[in-house]
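The first chain written gets the first letter, and so on, giving A, B, C and D; residue counts start at 1 in each chain.
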Amino acid sequence: MFSQSRNDWLLFIGFSIAVLCAPILMEPFGGNYPDLLQKLAIFGLFAIGFNILFGLTGYLSFGHAAFIGVGSYVSIWSFKLLTMNAIPAVLFSVIIAGVFAFLIGYVSLRRSGIYFSILTLAFAQMCYSLAYSVLTPITNGETGLQLRALRTNPDLGLLDADIRVLDQALGIQETSVPTPNFFGLQTSGYEGFYFCAVILIVGFFIAQKITNSNFGMMLKAIKSNQNRLNYTGIHARPYLLAAFVISGMYAGLAGSLMAVTDPIAGAERMQWTASGEVVLMTILGGVGTLVGPVLGAGIIKYAEQKVSSWNEGIISDFFSFLPAGLQDFTASFVSLFVGEGWHLTLGLLFMVIVIFLPGGMMEGFRRIVGLFKRPNDNDTVSNSATAQPAE
Amino acid sequence: MAVTETSATEAPREFQSGVANSVLHINDVHKSFAGLHALSDVDLAVREGETHAIIGPNGAGKSTLLNVCVGRLKPDRGSVTFDGEILTGKEPHEINQLGVARVFQTPEVFPDLTVLENVMVPALSKRDGHFTLNPFKRFGAETRLRDEAEATLKSVGLQGQLTALASSMSRGDKRRLELAMGLIQHPRLLLLDEPTAGMARHDTNATIDLLKQIKEGGMTKVIIEHDMHVVFSLADRISVLAGGRIIAQGTPEEIKNNPKVKEAYLGDEEV
Amino acid sequence: MDEIFLQVLNGLDKGGAYALIALGLTLVFGTLGVVNFAHGTLFMLGAFCTVALNRMLTTSYQRVNPDKTDFLGNPLKEDIPYVQDWFGADFSAFVFDYNVPISILLAIVVMGLVGVIMERGLIKHFYNRPHADQILVTFGLAIVMQEIVKHYFGANPIPQNAPDIVGGAANIGAWIGLGDNVVYPVWRLVYFAFSATIIFSVFAFLQFTTFGMVVRAGMQDRETVGLLGINIERRFTIVFALAAIVAGLAGVMYTPILPPDYHWGMDFLVLSFVVVVVGGMGSLGGAVLAGFMLGILQSFASMNQVKAIFPGIDQIIIYLVAVIILLTLPRGLMGRKGVMED
Amino acid sequence: MSDRKNPTRRGVIKTGAAAGAALSTPYFFTGTSLAGGHSYRNEPKGKDVTFGFNVPQTGAYSEEGKDELRAYELAVEHINAGGGGMLDTFSSKALKGGVNGKTVKFVTGDTQTKSDAARASAKRMIESDGAIMITGGSSSGVAIAVQGLCQEAGVIFMAGLTHSNDTTGKDKRANGFRHFFNTEMTGAALAPVLKNAFGGERTAYHLTADYTWGWSQEGSIKKYTEGLGWKTAAAVRTPLGAGDFSSYITPVLNSGADVLVLNHYGKDMVNSLTNAVKFGLRDKQVNGKDFAIVVPLYSRLMAQGAGENVKGIFGSTNWHWSLSDEGSKAFVKSFGEKYGFPPSQAAHTTYCQAILYADACQRAGTFKPSQVGKALEGFKFDGLGNGPTEYRAEDHQCFKDVLVVKGKENPSSKFDVLEVVEVTPRAKVEYKPELLGGELGPYNDGPV
């Protein structure tokens, strides 16, 4: 039963196909456009990484948005100073986010439970507040760090003019403000989505490997009973720190991809609500599962983009088949939950999921599948129990 | 309690012998909680390869003593040495890595892991040390360790439940799993905290048989037990703890016939 | 000197609000073992009791006043509150003036009900669920309540006025022999006194009543209290309602200081958690101490002299203190071992 | 979820991009480059054209966002009808019902007053709903972020409520246009009025929201008041969303300053102003003079919230409903009749932007950004409530008279919060385009 790597491969291939076909899959939902697809891939990656910490070890960090911000800022600086190629930006972002994660994790992991959560929250909020105000020379504050044309006037600061030394050394010509590229291929639009999608698939593969590794099992053991683990000769803290750094690097990667597909970096990405969002994504999809967080990320980003746009006009058009009085009533009732009321829907969705489906959407699917599989013998049940972490 | 307190003042030192070849040495350990003396002046030497039982009435400090040994509690005074290494002040995982494993009184398994995984964790810990960072080493590919784990689980009678989640097991099965988790590490010293408590009679006997087998393998064991049947089946030597002090120490025969023990602990209880 | 004195007052004031919010939060942790992310929202709901009362009192019918015109040039339709018609102008003026204190009564009823409904309807099903689930479900509830308030009252802050008699600023400097520049709004002094009173009442209630004794025992060791055969469930409901009322009253009285808006819940959520954690989870004394400490530190950090040395310190002081406290005192100022650590 | 998918699709087809081409040919097959005869981004092929209204619908500025949306809906009504409201008083008479023979439809997005969310919703409207232009916003950070995006995407951006200099200064873009005024104009207009009201020997104490707009505002007020002889005692930065401002206000008492300038907007403005008034600053005497509070940028919607506290406090605003010119009257009438209350300055500026954009498209005879932009550049117009106005070609900033206002002492209704103290003529607030730096760059018509 441990040699079920065939199942893992099937899951991986299925996931890859689903991601690459996302434009077709999202078409019926009106979600087939580059920005949403990019966001799905990016936040999916973020949630996968977050799940390595939260899903496997049970340590709830409220500070992962800080690494998103770090990743974004580093990428933009790489574009401004070195080259418009996305590869150095991504690499630097991941490394520096990893360094930040190491520092914050090293300190925060001295505590557990809610104390750990509050420590990570405190660090992230400090990053956010400072980036918004005092660190404006590095972050460009409220306006956000942006790309500029090459510096022609030596009086201009680096916030207002770029140098791109590598590109200059290679003799690359620029007209006005360039956009990031991947060796000549642009990284916005559908190309950008596929760039992110490939990284998402690689990220998924790595997360799958981690989950199925000895290391992954130790992380699960930490969540299950950290105390017992200590008496088993395992030092939990280095494992936790490694998981924290890995998930921080995923967040940095996600932040970097945000900057690669859309070259601007703002401080509000680091706010605690952004950290809360990834927690919601993970829970909504299914904590501890591999696919769940991606699914959760997709649903939340879709709601943010599409549900928020269903204004009253659209709703009453939709109910136009009803008699006039009923149409008005239905439309005004429904519009409580969509358009500007989409937060309400989000809140309700959350409560419903947590109350009735603590395992998230993935548990829902399992239950539905379970309904049809009931007559099967015990063997499949125990198999699905072992296969669980791999989903 | 008052009786044991008075009799404990004349803690018999003469029983302490074999310090030279002892592997675990508890030296003048003192521990109190909020003014209550849980352990006072405890000296104890466990010889290499022996099965040493610690008995005593409830609240005598047996579990506290075990907790001091594995680093869960820090003694106020005194020290614990294992094979020349001072354990006092070390972290639990460091103590385990020195070869001291513990089987808990209330089963402390990993409820969200499968039975096999529960045993694999200590097995990997034994092989790889307290931390290895190789996140890509496939857990499923650990065939050699897995065979060993399956064998160990078979020896405690859990071979049929390898893929069940530990949380779904009965209490008795969890205790057996606990035992397997201790055994798989082949520790040099195994600390057993009431390994048969709550077991049915025939399970208890099976456990005794199992522990006897291991005894033949030369593993040193310290066992805390209430069940005198178990104690006298397994122990080479016995220490009696009462009121936080060791009041008697010796072979099962000596303990059986020790009037102080009878008075302080065995009392009217049938041996 | 004057300035430091004033900043201490500011700190006590903020601290009073923090302490009141944190008090209920930590009480709920300690007894029910529930992490309530909707607690800040209870503070907000309390504040909106005042707004709602104001709305109720000013329920009006329209009377056309032909002498005046509205912004479109049509004859002005004046809003005449029923209260004014029924009880006369003097009484209605009095009622409007004392809107905030009167809404305390409303808040006690409303918040008590909200507390009971929340506990019976939702929270009690989460006693044995992981903390992460509790956090998420209450967070969802917080969003829902906040959006409902926004739907009825809008997103803009709605200022409320203290009664005229305490609505001005007092020249404290003159009372205690400091300079003429030591003036302070009377209502803020009232708020401080009020929060102190509530804190003392809560402590007295827990200290001197049998009910309180059981609750305190429950905070020490929940299992034992359950074994004593005491109907702990009903007490949990009351404790939760009490926490809701305390938070709600804190909100009501805070409205003249800060115009309430629907987002207060989220604004105070992080802060109140930091206060509770710094104080030590489940420690009532810790929550009060940490509330006042953070309030005062926050005030000092916003002084120009301090900001000149540490730019931006006022932005991060709360979090910085939280980090330092948690790293030096693992369980906060007065926390007990084993609470909320799993 | 499954029954939700229908509203999107149907809804978008109906109200949204009924331009059709955008949806029936999925982008998947066309890529981001616009194949199939499009000569610019989202060129409308059917009988409809889609505008994108990007306003805050959640968060602290959602009331402003709602008011903006109301104004947009009204503007769309008027454009499609070829008259009504300020369209009747507008000096250009190009619009005769629809734009370039097409009916205007619109889609909406929620900026949440966050740059990321605003860019994402703008992208959705451009990429998915086929919006030909984007307009709206209620903060400068968001406006600048969305403006940059529209430049990259190749659509016109008609900024909503954004007051920072940078929008048409350092961060200006060819595809972006702003009707609203900025901190530079506020400073230039406000300073002389303040001098008249409070004298030339004053010491100001600034409390400034600690982000770009706040700094920009503080800089402008300082520059112009100091130019008139005022001194600045201190300029203190306050965290965004500080809530209780008491600990920033008490130092004012001892600073020797006799004017407090609150460079805050929105909720921060209401809170800091309320706090300042409660601390008795409005009734205080310093150096033998009456203490004064100034709020450089007023928002009537928010001031309505601040109630009693705004009485007698000076500030500036882009427009106010009590103005008595024909344009303003027509606008207030049409808006008031539809919604039952007068419009805010946010509603006014967004209404103007929608009308100005539609008019420019009509005059250019196309929706192509570069040509629409050319039609707006240097465009002089009147009848939109601000008197004679010009879209300056060099920085795409509207230049018009600036209103200096004061909180009304005896309001006649809850909307009647401000009174206009002075209308500073355009000439006094105009500055050279080079002053604020930045470069427009070339127009972008989208990837072709």
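We take it that contacts are C-beta pairs under 8 Å (C-beta built on N, C-alpha and C of every residue); 3 or more make two chains touch, one makes a residue touch a chain.
Values in this document were obtained by computation on a predicted structure and should not be read as measured data.
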Among the chains in this structure, which pair is joined by the largest number of C-beta pairs in contact?
-> A-D
What chain sits nearest the middle when you go by CA atom centres?
-> A
Which chain has its C-alpha centroid at the greatest distance from the C-alpha centroid of chain B?
-> D
Computed distance of Cα centres, chain C from chain B, in Å | 52
Rounded to the nearest Å, the gap between Cα centres of chain A and chain B is 46
Computed distance of Cα centres, chain D from chain B, in Å | 75
Chain A to chain D: how many Å between their CA centres?
-> 33
Chain D touches at least 2 other chains through residues 62, 210, 237, 239
Hey, what residues on chain C touch two or more of the other chains?
-> 312, 315
Contacts with 2+ other chains: residues of chain A = 129, 132-134, 343
Every chain pair in contact, whichever chains are involved | A-B, A-C, A-D, C-D
Per the touch rule above, chain D residues touching chain A in the complex are 1, 4-12, 14-16, 26-28, 31-32, 57-58, 62, 65-66, 69, 107-110, 114-117, 119-121, 123-125, 127-129, 139-141, 144-145, 148-149, 152, 166, 170-171, 210-213, 237, 239-240, 437, 439, 441-442
Provide the residue numbers of chain C that touch chain A in the complex, in ascending order.
-> 35, 122, 125, 129, 131-133, 135-137, 139-144, 146-148, 151, 266, 270, 273-274, 277, 281, 311-312, 315-316, 318-320, 322-323, 326-327, 330-332, 340-342
Chain A residues touching chain B in their complex are 1-5, 209-210, 212-218, 220-221, 223-225, 227-236, 238-239, 242, 246, 382-383, 385-386
Mind listing the chain A positions that touch chain C in their complex?
-> 54, 58, 60, 107, 110-115, 118-119, 121-123, 125-126, 129-130, 132-134, 272-273, 276, 279-280, 283, 287, 336, 341, 343-344, 346-351, 354-355, 358
Okay, in this complex, where on chain C does chain D touch?
-> 2-3, 6-7, 10-11, 13-14, 68, 70-73, 76, 150, 154-159, 161, 167-169, 179, 181-185, 187-188, 256-259, 261, 263, 267, 298-299, 302-304, 307, 312, 314-315
